[in-house]
Amino acid sequence: MSFSPELHHWLILSTILFSIGIYGVLTRRNAVGVLMSVELLLNSAAMNFLIFNHYASKPFIDGAIMALFIIAVAAAEAVIAMALFVAIFRSRKTVDVTQINTLKG
Amino acid sequence: MNELANSFAFNNAWLIPALPFFSFLVVGLFIRPVSDKLAGIVATLSVATAAFLSIWLAFDYFSAFPAGAEHPGLISWSFEWLRYEEHLAVNVGVLVDSLSILLMVVVTFVSSLVHLYSIGYMKGEDGYGRYFTYLNLFTFSMLGLVVAPNILQTYVFWELVGVSSFLLIGFYYTKPSAVSASKKAFIVTRFADLFFLIGVLLIAVVGYNAMSMFGAPGSLPDNVSAFDFSYLTSSGVSIMMNNLGLLTPAMILIFIGAAGKSALFPLHIWLPDAMEGPTPVSALIHAATMVVAGVYLVARLFMPFAASGTALLVAGYVGAFTCLFAAVIACTQDDIKRVLAYSTLSQIGYMIFALGVASATETLGYTASLFHLFTHAFFKALLFLGAGAVIHAVHTNNIWNMGGLAKKMPITNITFLIATLAISGVWPFAGFFSKDEIIASAFGTHHYVIFAVGLLVAGITAFYMFRIYIVTFLGKARSEAVNKAHEAPMTMTIPLIILAALSAVAGFVHFGDFVSVGAESGHAEGGFPIWIPALLSGLSGIAIAWFIYAGNSERSKALTERLGAIYRVIYAKFYIDEIYLFVTHKIIFRFISAPIAWFDKRIVDGGVDLTGWMTRRGGAVFSRLQTGQAQTYTTWMVNGVIAVAVLIWIFVS
Amino acid sequence: MGLVSWLFVLPFATAIAVILTPAGMPKMVKKIALAGTSLHLALTAFVTYKFVQVAAFSGDAVKDALITHLYLVEKVPWFESLGIQYFVGLDGISMFMVILTSIVIFTGVLASWTVTERPKEFFALLLILVSGVFGVFVSFDLFLFFLFYEVAVLPMYLLIGIWGTGPKEYSAMKLTMMLMASSALILVGFLALYQGSGKETFDLIEISKVHFPIVFQNWVFPVIFIGFGVIGALYPFHTWSPDGHSSAPTAVSMLHAGVLMKLGGYGALRIGLYLLPEGAQNWALFFMGLTTINIIYGAFAAIKQKDLKFFTAYSSVSHCGFVLFGIVTLNMIGVKGAVIQMFSHGIMTALFFGLIGMVYGRTKTRIVTDMGGLAKVMPWLAVCFYIAGLASLGLPGLAGFIAESHIFLGGFVGNQWADATTMRILTVIATMSIVVTAVYVLRGLANVFQGPLKEQFKTLTDATLTEKISTGILVVTLAIVGMAPWYFIDLIEAAVYPMINRLGLTASNWMVF
Amino acid sequence: MDITLNPADLTHTIAFYTLALTSIVAALIVVTAKRIFRAAVALAVVLICGAGFYILLNYDFIAGVQLLVYVGGIVILIVFAVMLTSSLESIEEPPSLGRKALGLFSSLAFLATAVIAFSETKFPLSSISAEQPKDVAKAVGRKLLDYGAGGYVLPFEVISLLLLASVIGAIVVARNPKRKNEGSAT
Amino acid sequence: MNALAPEIIVAVTGFVVLLADLFLAEKRKHILGPLALVGLVVGGVAVFNLMPQTVEALGGRFVFNPVAGWFKLLFILAGAFTAIFCWQSRAKEKLESDGEFYSVMLFTLVGMMFLISATDLITLYISLELATIPLFALAAWKKGDPLSGEAGLKYVIFGALASGLLLYGLGLLYGLAGSADLQTIRETITASPALWLAAGIITAGIGFKITMVPFHMWAADVYQGAPTTVTAYLSVASKSAGIAFMFQMFFGIFGAQLSEWGWLIAGLATVTMTLGNLVAIVQNNIKRFMAFSAISQAGYIILGFLGPFSESVPSMLYYLFIYVFTNMAVFGVIIYYNDTTGKENIDDYKGLSRTNPVIALVMMLGLFSLAGIPPLSGFVGKFFLFNIAAKAGYHWLVAVAALNSTISLYYYLRIVRQMYMEPPTADAKSLSMSKALAFTFLILTIGVTLFGVIPGIYETINAQTSGWLSALQLFP
């Protein structure tokens, strides 16, 4: 069992990061914390693409391009999320996700 | 057949039932609102012409087929009304044979007399036109019933007769007692008609199956229908049904239907209450015509009844029991019409058990029964019309506040006396001959039990008839209404007189030559002269009645005390009515229809509401899933992903 | 736009005309509705005349036909890719039903002459409902059939909900929900037939040429029969009928009980029996048991009812039980009886509900015990009530008897698939209903019309002209069918022959098409 | 089980494991840190390790972009958001136990499913890294603007629209309502 | 280039509106609405003349086939109706930022149009994100209202997680197939645990977009919180985009496996329909009620995926077409009534038929069409979808679906009851309506009533699109 990182080592790594991201989204009370966990998710997904691209049989670049785009999308998401959190903070004085639950039933 | 071909009466025999129908429509729709008088006249005239026609037909028929010779059933006119299936067509028409002619004559004759009588009796009553319309409807349906060539047409008119009697009994619809009486009559007869219908269906289907397999029996045309009497009464069919074991149950079912209409024992409760209707109605329907429909039916299906044997026996014993049972009750009643009602019950009991004792070979019973039907129609109608005249005069039914009417109403008195003598079986009058033949036929066919009952009842009949006669007509007047009583007007007395004449002379008709079944005519063969004991028991009955009721009435009061409890039970008609009431109201209404109505409301309806409620509950439960927590939502999502992946994995592999 | 299409387009057009009349003239609305429906009566008469001219009633072609032969057919492709077409035509049964509906709607409009609240919407919805019903009776494409079936159900909610009495919203909702749930079952059946036939068409005649496997028929037949049974008041699903009818306004309950409940019987016959003969054979006995309960249950429940409308509703549950009972006897007599019963009960109930509406209009109460002796005050209504009552208990000479005699005889004659003795026992139980019906009919009528007249009813008036015409027509129809039925029966027999002949076919000789 | 250790691999492997360890620990801090600012810093560490990974996978260009855009841009943005929405020191009480358990369960379940899925499936990829185009940056650049068959000019345009729309949306949402009215009032 | 014409036109309209908003004075701002409308109409015309043929552009990266064409028409229609309602709504606090609203909406529209024409993973993902992320902002458009904020927040959290998961799934697909091109992916992937995980994740991504049950949680709160015009846009455009994405995924990639996964689709459809219908019964807020109605409609639409048949695609497109008109009709009334009276509860619709009968009629027809009552178009649409379920042999599912539409009738009738049977409240008054809005309602009512009966529409869709599936060689 050679220790040098094989494909499935990389995949396991990215999946672990992904799962931690999920844990973060599901449990973080602070909205910004949730956003950070989302960034984690996107980052590990981008890594996934690069891993697959790295181990692709043919010389491929699509995975790398996808990674680039993912970063751009993450940026866009972060922008909107931040704007929303600020708007919420202004009207509710809190960004604690668990307290923002007036819409239910 | 050809002799009758050119006889006018035979060719348009259909007019006989049709005339009352047309006059029913004309009077009902047009004349009634216009003028009462005209309605009465038109109605009476139509029935009178029908009577004339039927007598003419009778004359033609019996001249074509002289006495003693074989009397074939000829269909004078028919058209296919309803075609269920190949061998199940119903061709409505007019069958002319000795039985139907007898009935036609009796019905039209008595009906026209009752119509005439009613013109006087009903004068001044509101709904005068309506009364005559119903009377015409009744006559039409009764005639339709007797001329029916097939059993389904009989059933159809059977129901129409039931409805018209319902309408007539409930004529005074403002009187609650009349309303409930009409309801009771209709429902009881309807209950009996149920068994009749099932019997008809059973025979028809067996016949249909047989014919669709083997084709029509040789002797009959191949498009014969399983309903036609010609098919049903053919001997081959009866044998076939018998070995299938269906003949006896079918015949007993039909007999129950007949028992319902003719008010035999268990189903008799409606007849006494039917007296609520106007008296001429009782005279026509509950004396002469409707109640004998049952007898007619059994007579019409005599051959299959005889073939099944047990069915006839059942008829015999039921008839006998009714005869005794009714006679005993009749002795205790105070209302004059109730007494006559029970006496009708008892006389019909006679006719039924006369048929019961007869058999395929011994047809004397058959002839005797129809002869009694013939004579009974006249004197019973007379008795009722007489009673009607009396009631009309003193405005009460209770015999105890009548008395001494003989002087006030001579004609009614005499005619009533003739009828009483006739019914008691005193020699020259009609009753003697017909009742004697019945008792003879019972004796002749060794049914000694029935014979004994017949003999005893002859005495009892005489007793209660004379009790009535003595109490109403003789003795002192017991109420001042009697003093004001005066003789009934002309239109009422004429029918009385005619009927009295007939009840006197009818006995001498050699009935056997005209009406009989099977080959030879029914004549009482020699042997022990049965009429002697019959006459003796009748006279002894008169004597006892004379002894108790003539002169002062203490003796009758003393008699009632001594009998005490027994008297009360008989007077209360053995509480049969109360039993029926108990059964219908308590059991059917409370224990069947109420629970069903409740069950329907609560369980079935509840079931539907429950499903509605459950969906709403489901909605509320699921809506609570939306907790408002964004993170619960995301957890649902992730778990959803895992679930879908795992599910695919499980299912696909 | 052929003749038959006009049958359902005319009421729809009248509905539009009613909606477009200016708001301020309620009188005009009623006149237009009446004109529309009377025009429809004329149209139906003309269509019947044409139908009778062209239709063959006797002869071998009719006797051993295996496919329903349609007349005055209009067929236009609609959604070609799915095999849906606008396929409209007439055969004996549809003709009979069209006549019934036309009469009932005409008398219905006449009977609702006293509607004052929002008459425009009332008459419009009523006419839309009836055009749906006409549509069902003349359409022979499953899609079109289903479309018209549901069009007929929806206006019912608004009609009962807005113009009804008593717990009107509850009953309107319950009625609509149960009928829509039943249409869900029917939809499953139709789509199964469409897929099962493998012919890529919704055309009833084409599908009828296909022999569905026994297993398929065994589950599709009950689905369709129960689907249609719900609107035909089959036993456990009848609970909408008492509530629905008692809170519906007169014309609506006339139309609903008189005609809409016949859709159930018609559908079960046209789709269930005709397309799935083997399925029918296997299920016949079960449903016969159910319908027998239907008959007896409805009759006994009616005895206890105090409210006239409940009383008639339960009686129509019992009479509709006869219709379904007739169908599952699976022989010519029984099925013919079922169709006649559909017609006769339709007329009878329309007459009953019309009269109840008129009596209620006067005495303002429907409770039987409160009323009494009304015959003296309103003789015409009393006579008509009695005729309707006597017809419903099957008095010969009126339509009821013809239908019931057919059905009882059919039950007795039986068929070669069901065990004869059980069928006969069930038929005997069903026959008992004529006694129970007599009991509740007479009790009801006696309480209302006979007996001493109560003080407050002294001043009531008898039927007005419009009421006389509407009740008159219905009574005359009952009498005509009752006394001279042979003409109608030929009309039906020719249409029922194919259904019965198909029952005889087995898988092997199905290839005859 | 031959363990072939040549010097290039050795450094490669060691770098991989150290980076992996640090990034996992930093990720855990991100999701569990009480103080939100500390989480932001941890996020930066994770992203930097990510860039390290890209280098290991010899995608230096992407690593560069990651460092510049992700760490430089987005993390700074997040820090701004943290400052705007709550004071630096504000302690955030931990999530309720139930939510933590549920979150843990879901994430571990996902991890387990994913790992099992990987171990079961045979990816059609060679286990050893294929030879990579020498200059990643040039290849990516050319691909992005290539109108031809394999080109990605379309997403390039679409991403621009996305960023524009997000920015507009963000401005509208986050605009301070008071100032806007005064502006228009004059 | 002309293949991209529609997208370019709409994008340019977006920019034009944005710039016009910048330069126009306050009082002239009301022409922004018509401006956006004109752009959309021109875009629609562009789609129409492209319609029947299949055109490729950008070396195969962008394909315009009839299915894509009909989807674009759907999006444009949805966008146009939303624009009209936004333009016509005289809400008291007028959406000051109308200009931005139109442009952001148009950009999302472009995103949806690219989504359906994409042939590779990257374009697919990016256009999906373009079609989703700006919606987070749209949901939170009403600044003053905290509910709108909350809606935006929930939408962001849920949406971000969904896009993260989706990315992971697409990564797996990329790994399995070794290429980003959908065509090659479809041909190379074989059944493997990773694929099933990817399928699970992608179902989640789709589920989020079209509000399928396990992934529908966000819908109720966001629909209620967001401004009504946005809710309308979400319920129609976003759902159609989700279906377009599902087309790409379930027909585009998992086409081969789809016939085996019939049970999954059936299961999801049943749960979605039933839960959507059941919860809708107990709702009081009309927008939240429409959310659950939308969820149940999603349940009906995915019936189309049961076994790829030639009728599947045309039936779904036809249903979506009718769904746009029906839902927009109902939302139009809700927006109009909400704007003028500010009332959002079902009980506030008391006696509407008395005060303003026209709106009540439009609302009633819309609701009945949603419930699937003939002869309205909703019924015909549903009938064809149920037909597909029956064709796939899921008769029990047809029964469940039909019973569900009966339950749906129950809660639609609740509203009809309020409008027609309850007496109007005291303060109810008849509301005036601008000509443009009246004209829109007219078109919507025509759509609701006549589209079902006129066979032309379904036949043209069927003629053009039934070939698409066979082109993918999916049929066994």
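Letters A, B, C, D and E mark the chains as written, and numbering starts fresh at 1 in each.
By definition in this document, contacts are C-beta pairs under 8 Å (C-beta built on N, C-alpha and C of every residue); 3 or more make two chains touch, one makes a residue touch a chain.
Note that the structure is predicted; figures quoted are calculated from it, not measured.
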| item | value |
| --- | --- |
| Partner chains that chain C and chain D have in common | B, E |
| Centrality ranking, top chain (CA atoms only) | C |
| Taking each chain's C-alpha mean as its centre, the one farthest from chain A | B |
| Label of the chain whose CA centroid is most distant from the centroid of chain D | B |
| Highest C-beta pair count, chain pair | A-D |
| Interchain centroid distance [CA atoms averaged], chain A/chain E, Å | 27 |
| Approximate Å spacing (C-alpha centroids) for the pair chain D, chain E | 31 |
| Between chain C and chain A, distance of the C-alpha-averaged centres to the nearest whole Å | 65 |
| Inter-chain centre distance, chain A versus chain D - centres from mean C-alpha coordinates, in Å | 6 |
| Two or more partner chains touched - positions in chain D | 99, 102-103, 106-107, 110, 113-114, 117-118, 123-125, 152, 155, 159, 162, 166, 169-171, 173 |
| Contacts with two or more other chains, residues of chain C listed in rising order | 177 |
| Where chain A touches two or more other chains at once, by residue number | 11, 18, 21-22, 25-27, 31, 34-35, 46, 51-53, 56-58, 62, 65, 69, 73, 76-77, 80-81, 83-85, 87, 97-98, 100-105 |
| Chains grouped in pairs wherever the two touch, ordered by label | A-B, A-D, A-E, B-C, B-D, B-E, C-E, D-E |
| Contact footprint of chain E on chain B as seen in their complex | 615-616, 618-620, 622-623, 625-626, 628, 630-634, 636-649, 651-652 |
| In the complex, chain A residues that touch chain B | 22, 25-27, 34, 97-98, 100-105 |
| Chain E-touching residues of chain A, taken from the complex the two chains share | 11, 18, 21-22, 25, 31, 34-35, 38, 41-42, 44-46, 48-49, 51-53, 56-58, 60, 62-63, 65-66, 69-70, 73, 76-77, 80-81, 83-85, 87-88, 91-92, 97, 100-105 |
| Residues of chain C defined as touching chain E within the complex | 77-82, 143, 146-148, 150-151, 154, 157-158, 161-162, 169, 173, 176-177, 180-181, 183-185, 187-188, 191-192, 194-195 |
| Chain A partner contacts - residues on chain B that touch it in the complex | 623-624, 626-631, 634-635, 638 |
